[in-house]
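Heads up, the next two complexes both have chain A, just with different partners, chain B and then chain C.
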Partner chain A sequence: MRILHLAAPLALGLALAAAPAAAQKKYSPGASDSEIKVGNINPYSGPASAYGAIGKAIGAYFAKINDEGGINGRKITYITLDDGYSPPKAVEQTRRLVEQDQVLLVFQSLGTPSNTAIQKYLNGRKVPQLFVATGATKWGDPKGHPWTMGWQPNYQTEARIYARYLLENKPDAKVALLYQNDDYGKDYLKGFKDGLGAKASMIVAEASYEVTDPTIDSQMVTLKASGADTFFNITTPKFAAQAIRKAHDIDWKPLHFLNNVSNSVGSVLTPAGLDKAVGLVSSYYLKDPTDPQWADDPGYKDWLAWMKKYNPDGNLTDTFNVFGYSAAQTLVQVLKQCGDDLTRENVMKQAASLKGLSQPMLLPGVKINTGPDDFYPIEQMQLMRFNGKTWELFGTPIGG
Partner chain B sequence: MTAPSARQWKVAGLALLLLFACALPFLVSSYRTFQLTSALSYAIALLGLNILTGWNGQISLGHGAFYAIGAYVAAILMDRWDVPYWATIPAAGLVCLGAGFLFGLPALRLEGLYLALATFALALATPQLLKSKHLEQWTGGVQGIVIMKPDPPFGLPLDQDQWLYFFALAVALAMFWLARNLLAGRIGRALVAIREHPTAAEAMGIDIAFYKSATFGVSAMFTGIAGALGAIVIQFVAPDSFTLFLSITLLVGIVVGGLASLSGAVWGALFIQFIPNVADQISKAAPWAIYGLFLIACMYLMPTGVAGLVRATAARLARSPRRP
Partner chain C sequence: MEAFLHQVLSGLATGGIYAIVALALVMIYQATHLVNFAQGEMAMFSTYLAWTMIDAGLPYWGAFAGTVALSFALGIAIERIVIRPVGNAPVLAVVIVFIGLLVILNSVAGWIYTYTIKSFPSPFPGGSVLGGYLSRHELGVMGVTLGVLLLLFLFFRFTPLGLAMRAAAQNPVSSRLVGIRVGWMLALGWGLAAAIGAVAGMMVAPIVFLDPNMMAGILLYGFAGALLGGIDNPAGAVAGGLAVGVLENLSGAYLVGTELKLTVALVLIVGVLVVRPSGLFGRVLVNRV
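Moving on, here comes the complex of A and B:
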């Protein structure tokens, strides 16, 4: 066998000059014949600890992969550390992952502030900061930060999707916007204006609010007075509920787009009043585990079986468990594609060569695509309308 | 030959400690060096808070705010005006000295718990103020500011982490020297007198109003310098770095380390830097419960802080050989 290993490349070296790398085993720190070390930071404590479910779900999915034999015979060692959503702690924990635990890559580090804090360090060290768990748009910058890549659709993509829908279905709309005055709100605003392009004059009124404002009632009254017949609601949960209720109370019935940050039925629509939320339009890209239409879907059934076996403490109605599961599947695909070349360079190269990848818990038709100049893996979402009880998907997934 | 006096012992011990501190970055990984550097910055912050709380008896739940101001002064100077990193340290100190003095003036009328509440408000307000749109053009809003890591000067054969460690060590030594000189003499006695019995202190001719605001200012200056150092070490500042929790952590640090003790600041810094990681290692599910256990154990076993325990042990050791 050993002779064959040596002889084969020698004999076929010239003939197979195009693909010899695949036969050679190459490793960066964190990878070996038997294991691949993946690092992660998540807020298991502190104000954002609800997100910790994502970190746990990822670990539970890797446990399943390891039970099935690992990736190309290598087991995944998953090291996840708590940063409490604090940027200095994120820097410390990331340095631990890279320098002490020697991980091959950092995966799904969560939160915009934490990722901003570690981006320079990881890019300086040439360690992949792969599929970060934040919706900000700045993670897809292959020129400036070639070692950082996002995963979920970003805010600008989502806003462009609504703009595209409007251009196609309601080209003479008069749009009013309400947005939170910070980078999140402005990201949506930019995406929406870019999406409308030359027709940005469709926007007839804009109003903003501060996170510290008690209510947005006066903004809603102003927006209604502008005579707009379409409303794009770029708000976080508390304000989203207020806006939905206020629009109903002042008898304003525009075509109402709600950003998916706030499309939770339980924490936004119920407090606003389900009857007042009928007709809202929003968008999503994952299968909602509470949506009865997926009950017999094989992807959902696999997810359910995995939840019961590997993540029994996890909440079956929590989309974070779908999110972590799906993100982990994307990483597994990247590592499979790497074959025996588990260098950090190749990890980034393979992460940037995902073509038309569909996954069982992504909505049918949503595909993951990346390229050397495209560091935005998921860029499609499907629109959905609220019927008074649940969100109903309509149309097909569209890109921004 | 006479036996060395207690003072000589102390000097020898400090020299040995300094030697050990200088050797450390060559003995441990650069990740550990980085952790020790941030512990040094915490030590300076704790020293500042200890002057206020330990010596002067004023409780502050808002020193994270001064830490934040120091950090932002350093970051903005480096980011906007390309000021070299070392020059931002005194600048941060001066700004915080002013801010602390001004905050100390109205806070004078507040005693004990009322002052604690006023400073608590400061800690709550700071992250939101940093995000406000009037300051955003300088603070970078929620995004924060990313800053460059300094290279060692004069072609010293050190890596960036080792250099920063020595830089922080030098700043820390200077600050401890300053604090010692401040507290060992007349001013230190005045502060303690105000803490123990304000009326008696006033009767002895101590200008309480001035001393209290000045103490607040000096304390804020120490903490601000620590913040600037912390920002340079972390290379990033953002409002979420300076939540109320930071202020509480600092308070925990001085109590665990030892109130009104210089060395207590170092012990406290090591505690707040390393114990949360130990707790996280023990239990992922409830790291803060473990941290709480550590804290309770500390309070039971070392009611006067680590520094108090060390002092008591040293005193016992010094006594015992003389016994027949």
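Moving on, here comes the complex of A and C:
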């Protein structure tokens, strides 16, 4: 015991003495000469646990980076905790990451409710809440929340892209909208109306639904009766499948835009019936691993090799594994740019200085751009149409 | 006018779902005089059992019969293992047990089968009738609901077992004195309710897709239907369920807007409880003191 008592002040003294020698190297908690601690929360249990694949993919990518020598000689220690998609649990786990595990930053925390719950805490403690895994538009607010940044294209951007497509290709369309009555649905709605601008009168009918509604049949009947020839389907997977099927059953054949929240072939279009989904239009920014056109693409081949070696339990058809892989690559780029200045301030500064970054599993032409006033990394998407088997991309990536 | 008719028919179709769930609620209420909040999750779980059997290659009707039988047995097991020990506890304790069951069944289903939606086959041919207003499946659901209602009526009215069950629920002490095994009658009530729930689940799943949260919203509307028709009256519950479906659609489309559809159901529940607790077709119970 006595020795320990002595050792503590001694170590402190040594550390103080060593400080001037390491003047160029600057660290916040969670970073050192040998490691960078990255925290993450994900729903590994509960209703949204399908998203847990993202958290696992991120860990698998960091394992690859560590095997290749780490970032500027430092290994990534990845601590990922389960919040069950529950905001109070998210706060508890985030506090654990910051106060007990002492992470440098929280990366890709998942879900709009969870991120909303932890945003104030992380901004108050000045801990980066970097590249959050949600499509809400509110994450790009450098003035109000300088420690929070999104990653994927946000809902409003996506909705503006559809609006732009309509204005250019079907300017006399009569549009009907179905949206979930919450922040997510209203985000899309706002983006779409902003995108139409002066031509917002193209919208002839709007109907909302609650997540507690058993079916949306009544809404679909109302929307069809409006005489609309274009339908923007802003729904989560279960309701998207219902809407696609109901439109077919009541013989309504509008130009049907499906938000990319629900464009999974396996978990939405297949249950709805692939024949009923022919002609749907949606958009995306990542390479779909099931799309045969990427079979010989070097980016896809690297991804496949990584999946087999580092994420063997992961599903090869699941785009979440592409999502986690690509988001982790963006973080690795940021940490590389940080060099030896691994302070939380510099992490945010470097995250806000990404210029024209393209990544192997982003669609060709989609570039990551950020700046001190631009906290929206990805803002381009490409439209695609469903042919009964797979999504077919058309046109070029466009911004909102 | 066409849209109005369409709303009414589509409301009847959804009402058919509420009606069959209401029927299961009434069943358990008749046996125990309690409302089982886990009814929806039990039905959901049974539907997953059916899905597993169909996925394993069983024909639809084989899986259907197997699921009904298995659910019947599981219902009895739940009564024997979980409900019986709290038989003499205050009502609140029993309600907590029901809610516990709800959460457990929901999480176990999510854990085993994941939360991604699954399509569930319908026993009825595809396509629609009445000029595209109703799908054959929706029409079939109403037929099945009426069929189950008829079977229940025959069972309770004309079989000695049905009589014994009614007696055990209404006057346990006297029933025991005339030799009815009251405990087993309760268990049987649970079994029957679980079996009806299984039928309900298998009828609902092709419409709303199968996922662990499939019954959450439906149970609420089913409850409103059961209360409206009278919680102790099977025929009333079916009528109530259909009425709630139509009312929900019409008020959503023409009166209060889609945002307040759920509120309509809740107002209905509170309204019935305040104005006429026995429901439209229920008997008014008078207790002699």
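Basically, the second predicted complex is superposed on the first by the 377 of 400 C-alpha atoms of A that agree within 3 Å, B and C clash if a C-alpha of one lies under 4 Å from a C-alpha of the other, contacts with A are read in each partner's own complex, and residues count from 1 in each chain.
FYI, a contact is a pair of C-beta atoms (placed from the backbone, for glycine too) under 8 Å apart; a residue touches a chain by one contact, two chains touch by 3 or more.
Remember, predicted model here, so these are calculated numbers, not experimental data.
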item	value
Fit or clash between chain C and chain B when superposed on chain A	clash
Partner chain in contact with A:88 - chain B first, chain C second, else both or neither	first
Which superposed partner A:241 touches (first chain B, second chain C, both, neither)	second
Partner chain(s) touched by A:250 [first = chain B, second = chain C, both, neither]	second
Partner chain in contact with A:373 - chain B first, chain C second, else both or neither	neither
Partner chain(s) touched by A:270 [first = chain B, second = chain C, both, neither]	second
Touched partner set for A:50, first chain B, second chain C, both or neither	second
Contacts of A:68 with chain B and chain C, given as first, second, both or neither	neither
Touching partner for A:212 - first (chain B), second (chain C), both, neither	both
First, second, both or neither for A:181, with chain B first and chain C second	both
Chain A positions touched by chain B in one structure and by chain C in the second	46-47, 181, 210-212
Contact set on chain A toward chain B in their complex	44-47, 80-82, 84-88, 91-92, 95-96, 99-100, 112-113, 116-117, 119-121, 181-184, 210-212
Partner chain C, residues of chain A touching it in the complex	46-50, 181, 207-215, 217-219, 221-222, 225, 237-238, 241-242, 249-251, 266-268, 270-273
Interface residues, chain C side, partner chain A - complex	2-3, 6-7, 10-11, 13-14, 17, 110, 114-119, 128, 132, 135, 204, 207-209, 211-213, 216-218, 220-221, 248-249, 252-253, 257-259, 261-262
Sites on chain B touched by chain A in the complex	29-31, 34-35, 38, 128, 131-133, 141-144, 146, 230, 234-238, 240-241, 243, 245, 280, 284, 287-288
